[in-house]
């Protein structure tokens, strides 16, 4: 039962130990990367030095001195600085992304459901939609829609007018700007109160359902309260909001709010393009719920809306949401293509105009990239959180 | 309790159910068997309107089954169905699976619904699993949950579509036990199954379907011992030699 | 041939192997059995360094098994392993599966490797399947290919990890036959299996593991007929009643 | 108790068959559906005939600008500028060279698919890019050099996409392996690179490549603009490929790694012989998907002043003899892109289907 | 330095625009033409003796300076305005002025105005990253008027936006406006307003800190101007080689060492004039009276004819 123990061949060669190998390899890799970084940085500084290019972020405090066609925060072309330009760009990116995300979600949802429709035409048209717009580069679509939008709209003097307060022309879509007067605070208060009220109403409705099984139409009632309360207060408080109606003065409209055509075209193109991906995600999500689930719910006698809310959606959303959020991120990144049609978002304003006026390419491009990285980090954190929340147990 | 009168159904041009006539009295237990594709599932799925049919009439109790949302829902609340793959809701705990129909369909208070649910879970002997999720249970346990889910709204009729065929052999007898127990309580029951032991033990009547029609029906003893039609003989040969 | 000295292994905080001592002589055939999770797989996976261990020593032949790329590769070329799920390479034909190690690890000329491969395929009686792909073979045939793949580099020791448990009952005896034949040729063999018939027939020694340690070892007759420890008695009861 | 006669199958009732039934079932099953159908029909009615009319029936297909009488598309513009759309500024007398490379590519794909001899395959695979570059760029074997600033049009689009995918492939695989490895530093570096690149838009990377990259090198080192764009695109694509390949690697059962280890294969042998062939095979549909994205993204080189097919359309539109033909140009480019992308996506779907049936 | 590099490569990398008619644009055969292009050619013939040894690198406005800084191009001839900040903080040097320009407005005649002062509240199409953007702000601030700007990436897009009615006016260097006007479907429906709101001296740019190369570019410019002043043209340059005029002899290299001190061939100026012509010829051919643009020479006349073009003496 025993072999005499031989002296083990334990002269471990240093390089044959996998641990050592891993360490050596990693040190080499790290060294290579550090060297590369050093080499680039070194060249960069040498080049910058040799060519007398300024460095640092002091340019952010200089006055920019150019006009921007859409600014969400106060911006004065004679006195605002480049840091303000940066902020304007970021906000404009967020604005167009937000609008596009809103519409692409609705459109994608409709098309995705449409693809599963038992109406032959709806299903086929949805498919054609997806296969068409998904296979055309987004840049081409942006250029195309911009040209179409501009070509289709009339000049300011021939504006299409709605209710005498809303106007559509090739300078954009104009609408009245609300002007808050003294008592307008009450309206805001009413809105907030209504929201709080509806929140408690919803809790009460759930409790009542738990206690008695009676359903309460919380969506209709809640929606009505949130809508009606501010309106009511508006009249009670003596109509404290007036509006500044856009007016044709000279060759342009003055006053009011305006949505510029670049924003329209960009939001439109982004929505249409991204919706194809969202539609596919929605379809995959709904198809991922086995047919038996619906049958089982039916055989329990559940109503259609309860089936949708309690059985189908919770399972489908789990599959739908991650790809959809990734598409949101893609949409934000694609909004950078606005530079082709001159919508003033971060890339146009900062990597474009500012870069050219200031000439500090490295700082400016890094700052631009940092903005997008920040977006993507926030979105992936959100995604992880949602994934963790929606996980089905026991899989 | 259940009356099917000359029910005909087509899938496109394919004639699946041919003049099916079936009468089941209150408390009766009927087993349906037959080769694969003979229309057994389709027949019982017609009974709670999971499938539409094109000709004929079906009555559940006094009510005729017509395409009307209210009536369909009313009938479904009287008819419980247990599927081959159980179709539990994987995102809900066992308890929630049981509570969902009573609270949303029968407007029961949640507390009451939970009590009932626990009662039935107890009856199928898995009340200790109430807070687990379906995927954490074995096949046999899942099947019991499915049975309990139906029982929760106290149906007058239970339909079973091959409730044991997806189970490991050990589980089969477990589930059959539950069904036998149910049968003893006098509930009306239609069961598609090939478990001959079960048929012999509890069925009042066994029905043999083939090619979309009822070929032969009889009480179990005669059915198995003295089959009349050739097709049934052939079929019994096959499953018994097995 | 194989010597394990006080081998200890932890997964995180979980102590999987507790002071395992094992001596296997050249040509000896050892069967390891024990309940699920008792550390059987872990033990034999340590022998060709698929798992690391934290304490103790293992000698294969004269060589101590240490973390050194060369030595590990040397030892692996002496030790063949057959997995429960065979782990054939599905993208390679049967012949390529057999040829890959000799040509790439042992630097044999391809022609020679093919000859050896055909020889061993012949020995496991599937030389006619040489050009098929693993997925086109039955479980039993796949298992034979896995055995042949090991034999191709002429190992001194063969390890089997439950080689039959993924097979249909008919296949089991087929595969066991191949193993018996191998055993007769005098190769050293360690086999994790619950096939008691096999153990009785070929094993020189049977080892019972539980909770990460060796509880009892004996020659087969005594092992099965006069188990000493209570745990083994219980275990044998279970598997025999089954 | 009872035994019944066997009945013949009857045809379905008339209201359950035929065109009328099909229409009822698929288009007019209830009021909501009927409304939807009517809306769709109306929509098709107002869009399809005018579109077809503009595209085909009223279009001008030949002749000169003076001959345009009809109100439809003026395809003569496309025909006139066709060579520029395809070859950019590539010298006219040398157009046979890109054409030859196109033919070569077909032959290459065919031979890789059909040949069985692995060694020959590898030789061909290694030789192909080299031969293609020599033919397009020239400068060797007595071929006249054609500078990259003369490349343009569809040719440039295809080159950018092809180089992007070919060059990014090995880098992507290395990144994927790095991300899967258990060496913390290597892993961190790879994860950092991948996530960074995936987090920023391609055009910022292109800006970086076109504007900043030259600052990173010594004075003497002078990269071609196209080359810099290609470097940017390759790094970008590599990060996406890495994620696709990682998906494939994760799908390979652990047993495959163990088996290759237990046979004594080293890490790289195991990877190259056992794991990667399987992982890449399952990744094919996703690889094609990421290739389609890249192909679409090539349009962005327009923004850094390279003249791909889309940029050629904008450029040819500033020819003062041919003003106002953007629409035809855009439609043409749209069509080209659509054909390419759609056929690729159909291909990847067919591959996916084949895998699904092969799965056992 | 750059000079040696260019000689070694045998080719001049010249940065031009992506399409400004008359300055640098491709013709229908895809060949580059324009006054800026001609100046590239002139430098190439001075340095390499061959006007065709130029590699044109089309650049958008925002790429141009970085391309020069990074060494991608040897010289930038892309209608770039000479300003103090560009000359100092961008690390660039302007070698001279090859076109005196000013910013003007292009409007649709339908607007019915005749002066820029009536443009209060108008929307302008402009190109990103140019001095135009800044001047516009200054001008409207000083006039206490309001305006809106739509900023595009390239001049092509700018004029497209104008064509489609996105803006009331295009503002840009006046010279460009004439070119852009030709891009309209009906050039007569638009007009250039008389006001010039800024000084736009356009000239070739080189990197700072490379004086040899700077000299070559600067004196190439002076040489073509000097040639015009001396009446040396493409057609008569061979005959002028025999001229006794000392200035001509110094310029054409038959006496003196102007070429050598620049590090160039003695026939450097001869090559330029022979292959590209003098400044007047370049001007007339590309933007002046022999071109569709038909721009008046105005400030770009020689000093002795009432203009600002004043070549420094070559001696």
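Each chain gets a letter, A, B, C, D and E, in the order it is written, and its residues are counted from 1.
Simple rule for what comes next: a residue touches a chain if its C-beta (ideal position, glycine included) is under 8 Å from a C-beta of that chain, and two chains touch if they have at least 3 such contacts.
Heads up on the chains, UniProt names are A, D = Amino acid ABC transporter permease; B, C = Amino acid ABC transporter ATP-binding protein.
On a predicted model such as this, the values are computed, not experimentally measured, just so you know.
Chains making contact with chain A as well as with chain B: D.
Graph distance from chain C to chain E, where chains that touch are one step apart, equals 2. Greatest Cα centroid separation from chain D: this falls to B.
A rotation of 160 degrees, rounded to a multiple of 5, brings the CA atoms of chain B into register with those of chain C.
In terms of Cα centroid distance from the overall Cα mean, chain D ranks first. The pair with more inter-chain C-beta contacts, choosing from C-D and A-C, is C-D. The greatest centre-to-centre gap from chain C, using C-alpha centroids, is found for E.
Between chain B and chain D the centroid-to-centroid distance comes to 52 Å (mean Cα coordinates, whole Å). If you average the Cα atoms of chain B and of chain C, the two centres end up 49 Å apart. Centroids built from CA atoms put chain E at 89 Å from chain B.
Rounded to whole angstrom units, the spacing between the C-alpha centres of chain A and chain D is 26.
Chain contacts: chain E has residues 66, 69-70, 153, 157, 160 touching two or more partner chains.
Each of residues 47-48, 50, 147, 339-340, 351, 355, 361 in chain A touches at least two other chains. Contact of a single residue of chain C with at least two other chains is seen at positions 69. Inter-chain contacts, as defined above, occur between A-B, A-C, A-D, A-E, B-D, C-D, D-E. By the touch criterion stated above, chain A contacts chain D in their complex at residues 22, 25-27, 29-30, 33, 39-40, 43-44, 47-48, 50, 117-122, 125, 131-132, 134-140, 143-144, 147, 333-334, 336-337, 339-340, 347, 351, 355, 361-362, 365, 368-369, 372-373, 375-377. Across the complex, chain D meets chain B through its residues 1-4, 6-7, 9-13, 16-17.
Chain contact summary for the complex, chain C toward chain D: residues 48, 50, 69, 73, 76-77, 79-81, 83, 85, 87-91, 100-101, 104-105, 135, 149, 153. Within the complex formed with chain D, the chain E residues making contact are 18-19, 21, 25-26, 28, 30, 55-60, 63, 66-67, 69-72, 153-154, 156-157, 160, 182-185, 292.
Contact residues on chain A toward chain E in their complex (touch as defined above): 47-48, 50-54, 65-69, 77-78, 147, 150-151, 153, 155, 170-171, 249-252, 254, 260-262, 339-342, 344, 348, 351-353, 355-359, 361.
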